[in-house]
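Naming follows writing order (A, B, C and D), and every chain is counted from residue 1.
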Amino acid sequence: MNDKILLSVNGLSKHFGGLAAVQNVSFSIRQGEIVSLIGPNGAGKTTVFNLLSGVFSPSAGTINLDGEDITGKRPFEVCQKGVGRTFQIMQPFPQMTVLENIITSSLFGRVPKISLSQAEEEAVELCKLVGLGDKQNTFPRNLTTPGQKRIEIARALAVKPKLLLLDEVMSGLTPTETIEAIKLVRSLRDKGTTVFLIEHVMKVVMGISDRVIVVHHGEKIAEGTCAEVANDPKVIKAYLGEHAEDTKESMC
Amino acid sequence: MLELKWIDVYYGNIQALWDVSLSVKEGEVIVIVGSNGAGKSTILRTISGMNKIKKGSIEFGGQRIDLLRADEIVRLGVSMVPEGRELFPRLSVRENLELGAAYIDRAYSRRTETLQWIYSLFPILHERGSQLAGTLSGGEQQMVAIGRALMSRPRLLMFDEPSLGLAPLMVDEVFKTVTKVSQEGVTILLVEQNVRQSLKMAHRAYVLENGRMVTKQSIDVDPEKCILCGECVEICPVSAIDMTVNGQPENPGRDLGRRVSRKSQ
Amino acid sequence: MNRLISGKSFIVLIVLAVVLIFFYPRVMDSYFLHLTIAIFLAMILASSWDILARTGQVSVGQAGLFGIGAYASALLYQWIHLPPVLGILAGGILAVILAVGIGYLTLRLRGIYFSITTIAFAEALAVIWLMIPDITGGAMGVSTPPLFGGNRILAYYLILAILALVIMTVWLIEKSRLNFAFTAIRQNEDVANVMGINPTRYKVLAFMISAFFTGLAGGFYSHYNTYIIPYEVFGLNVSIACLVMPIFGGLYTILGPVIGTILVKVIEEFLRVTVPYGHQIAYGLILVVVVLFMPDGLIGLWKKRIKPLFLKKSSVG
Amino acid sequence: MVDWASLLQSLANGILIAGLYAAVTLGLTLVLGVMGIVNFAHGELIMLGAYSSFWLFTLLGIDPLLSLALSGVLLFFIGTGIYRFTIWPIMKDPPLNQLLLTLGLSIFFQNLAMILWKTDSRTIITSYSGMSLDLGIIHFGLTRMITFLISVVLTVLLVVFLSKTKPGRAMQAVSENNTASWLIGINVEKTYLLAFGVAAALAGAAGALVSTVMYTFPMVGFKLSLKAFCILVIGGLGNIPGTLFGSLILGITESFVGTYIPEGSGWAEGISFVLLIVILIIKPTGLAGTRRE
């Protein structure tokens, strides 16, 4: 990890009609970090991801990636600048094979000049990396939930992102698979990818993140290392309501 | 009262539930817990007739209901408070509530009485009666959704993540309401991620993971201590607990089963 | 998305080419040659409609592009005596220019609104054509000199060449990165967008390719037919024909539109001699039947139902 | 200098034709609002209504303004039949399949009409066809006035049906939220059937009106449905006030273009397309925003 700031978000807000889904959120992520975004269900985590990847354009605030302002850029532009993401609800292209799904992503990602055969090679590599090596030519509908999550991850990696956004990729995995996934995330970081993830599985969050950002009701309520966040009374309250005392130490 | 036997459910070609069985007795509060995407909501949607089963059977009050349409199932007395509330946003609060009884004959004749009951449960809805449902806060919308379901005079009321996106105080409020409704004699089937609080009011619980029941039977609930891991904040999927507690168990379900049985001894 | 062309199909292609180039035009009598030309023309329309459909956009206004192509070459001949072959090319180019304009304005819209706009576009052109007869010839139409002095065999070669060009373009698209972009946009535009694909750009590109060939077809038609009227070239019938043929045959394939066209044209030709009006009733029926019972068209029907029958037989026997 | 008489006259003409346009569009609005389907065959239902009114008048001598109800009932049954056998099986398909299906139906009925009744344009001439009403400086054809009033009555009936009757409320509920409607005990499929039937009945009645003020020919429905699409888009898709607003805009614009532009009546035919394209370009997102999933 170094001190170079890869992503900095300033005063980010998003309103739908009158409702504020995300309100005045600011944070930054350094190159090579693994940062988790947590918060109760419906706190606005996925909205933050949608803003970062350009799916929504923010009502206010700026997003800066690697020194470039990407606020309000459209999703394909943001992707070409170096943001890859997965979707919480898996959305593979149903009529493409696993390999074709990943090739598509390779072809048009951050380095879009590569040839078809190069893209195919890369996709085959990625298939192996995420553990889909033997499922290359099947269709996504024949895969289980974890299998489809692997497609999501491989597709997000195929764009060769500087910043990888993972939206709940570990939920629903078996313990062995979760460990594999954690190893995968660590190895990605070692290769230089910065990872920003939304997770529900608290043990995973605490296990791999360098830092944790907590949102609640669309606002950032805490940020810091695992231990700092876990002892923050605001966080405990957000998660547990009024009956918080007995679980204070349990988070890490 | 309600009995699911070995049901399989598919979304298109994708299987969402495998061999799920559960039973709910009259007057109980039952919770289904499990992580995101485990298929909890699918179970409720299937009971209410929104999804069809490929295999197995669903009985309610001794009658097969798995072949009925959703509206027929509501008429039999099974109502649902859906995830995301699903109100009629451009109708007023009162209209939303009234619609809950409008298409169910046995509820329609008692609608004024039921409405008074709901207003006594949620006085705020009385105040907001003429406001458009879409303009309410999340917690108020949740109350309208519960109220609308109650208007149909259900025998079994199902809640799909009622605490979703609510402030802590509001969550408490919602759970208190669920308890109140239960005390009024309505049987309750609840799906939640907020394990700790939901287990506090439940009689029994089922744990679902990846579309399968982790244990064949329901687990008994110790209200003082979350039986699943005793230390988590939200639901820790069994996988995550076992991973850190026991290293790499080959079968998390069996492991949990052991722990549960130990508890009940 | 199959890989390279196999040896067997290459031989079939060569044989087909030889037959179509050297043999066919010499044996066929004039009526059948005419019918063949009509079918090839329709195949071009069908295949080029299918190119746009690969991005998930259903155009119900191909007649607008066809009519522009037809009128461009007809009017350019009238004004500056542009040779028909160049006129046909000009028709294609004008259609592309129009498609770029319409495309950038409307392809941001999704699905059904694009479809409605394309109908409106074709009908609007028809209104304009009727209202400025000084320039367009109005309802009376325009006559054009016959192509190659009325030599049907040469006309046959020209349309065969255009058809070959269309098929080759489709084949190249299938082999290139474009196919991935088009397919991704069709299957899930939002995800494609997040993966770095600019949906509008590729949709407009597909529309341009589609428009070029539709315009060429229009130009060819105007010289081959020697007479065009707005009601016909801008008519709903053309737009409908463009979409029924590939849908019947099977979408997003090379062969689908070709097979669909042959069958639809044969049915239409049969109806043309049996009922005086309304022979396009077959188009309506085909659409309804395809949507309800055979969503992948004839090709899908073949792959799913008929081919397995043969396989079963051979494995048993 | 402004010629007030001609201005008022063309405004009045525009409003009168807008009434007819509203009647033509209401069924389309209802189906889009409740079922989320743009029914390309709506125009053909109007055409069938027009023909039924024409034949009832020609063969049995029933006045079109009376046969309106008969056309409505006839089309109600045709409509429910169409829904049950063609649309019901594909309600869960992607919208493009629904588009292609209804487009197929549209082509089918157009050509069926050509086979049955040839492409001739037919008119109904009643005893009051030539009469007109004079109101000082402006005057109206009596038939137009009557069709306008009937259109108003049809609209009011529809609004009352939707807000005061149980099936009507069910339609509103379904259009607001399909899932919630199932959950409160509405049979959504039956509601779809009824909505399609009512829309077809409205088309039948509108067709009868059309037969009195326009020519009846196989393509009349197609021409009108293009205008209806335009109205739908101006009005913001699938709501009744929007439909009335859109009808007024289109009717008045057409009327002004017809009056003030040389050879305007021809150009007026194209106005709907221009409006449609312009509006889709100006606010594509606003349109998408009004649709539910």
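In this section, contacts are C-beta pairs under 8 Å (C-beta built on N, C-alpha and C of every residue); 3 or more make two chains touch, one makes a residue touch a chain.
Quantities reported herein were computed from a predicted structural model and do not represent experimental measurements.
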Just to be sure I understand the contacts, which chains border both subunit D and subunit C?
none
Farthest from subunit D in C-alpha centre terms, which chain would that be?
A
Between subunit A and subunit C, what's the gap in Å when you average each chain's C-alpha atoms?
44
Go ahead and note the Å separation of the Cα centroids belonging to subunit A and subunit D.
49
Whole-angstrom distance, CA centroid of subunit B to CA centroid of subunit C, is 54
Please set out, as single numbers or ranges, the residues of subunit A touching at least two other chains.
none
Got the subunit D residues that touch at least 2 other chains?
none
What topology does the chain contact graph adopt: line, ring, star, complete, or other?
ring
Chains grouped in pairs wherever the two touch, ordered by label:
A-B, A-C, B-D, C-D
Provide the residue numbers of subunit D that touch subunit B in the complex, in ascending order.
166, 169-170, 172-173, 176-177, 179-180, 182-189
Using the touch definition from the top, list the residues of subunit D that touch subunit C in their complex.
38, 86, 89-90, 93, 95-97, 99-101, 103-115, 118-119, 218, 222, 226, 229-230, 233, 263, 266-267, 269-270, 272-274, 276-277, 280-281, 284, 287-288
Listed in rising order, the residues of subunit B that touch subunit A in the complex are 12-14, 35-38, 135, 138, 161, 163-169, 171-172, 193, 196-197, 209-211, 231-237, 239-244, 248-249, 252
In the complex, the residues of subunit C that touch subunit A are 1, 175-177, 180-181, 183-184, 187-188, 190-199
Of all residues in subunit C, those that touch subunit D in their complex
56, 58, 60, 105-106, 108-113, 115-117, 119-121, 123-124, 127-128, 130-131, 236, 240, 243, 247, 275-281, 283-288, 290-292, 295
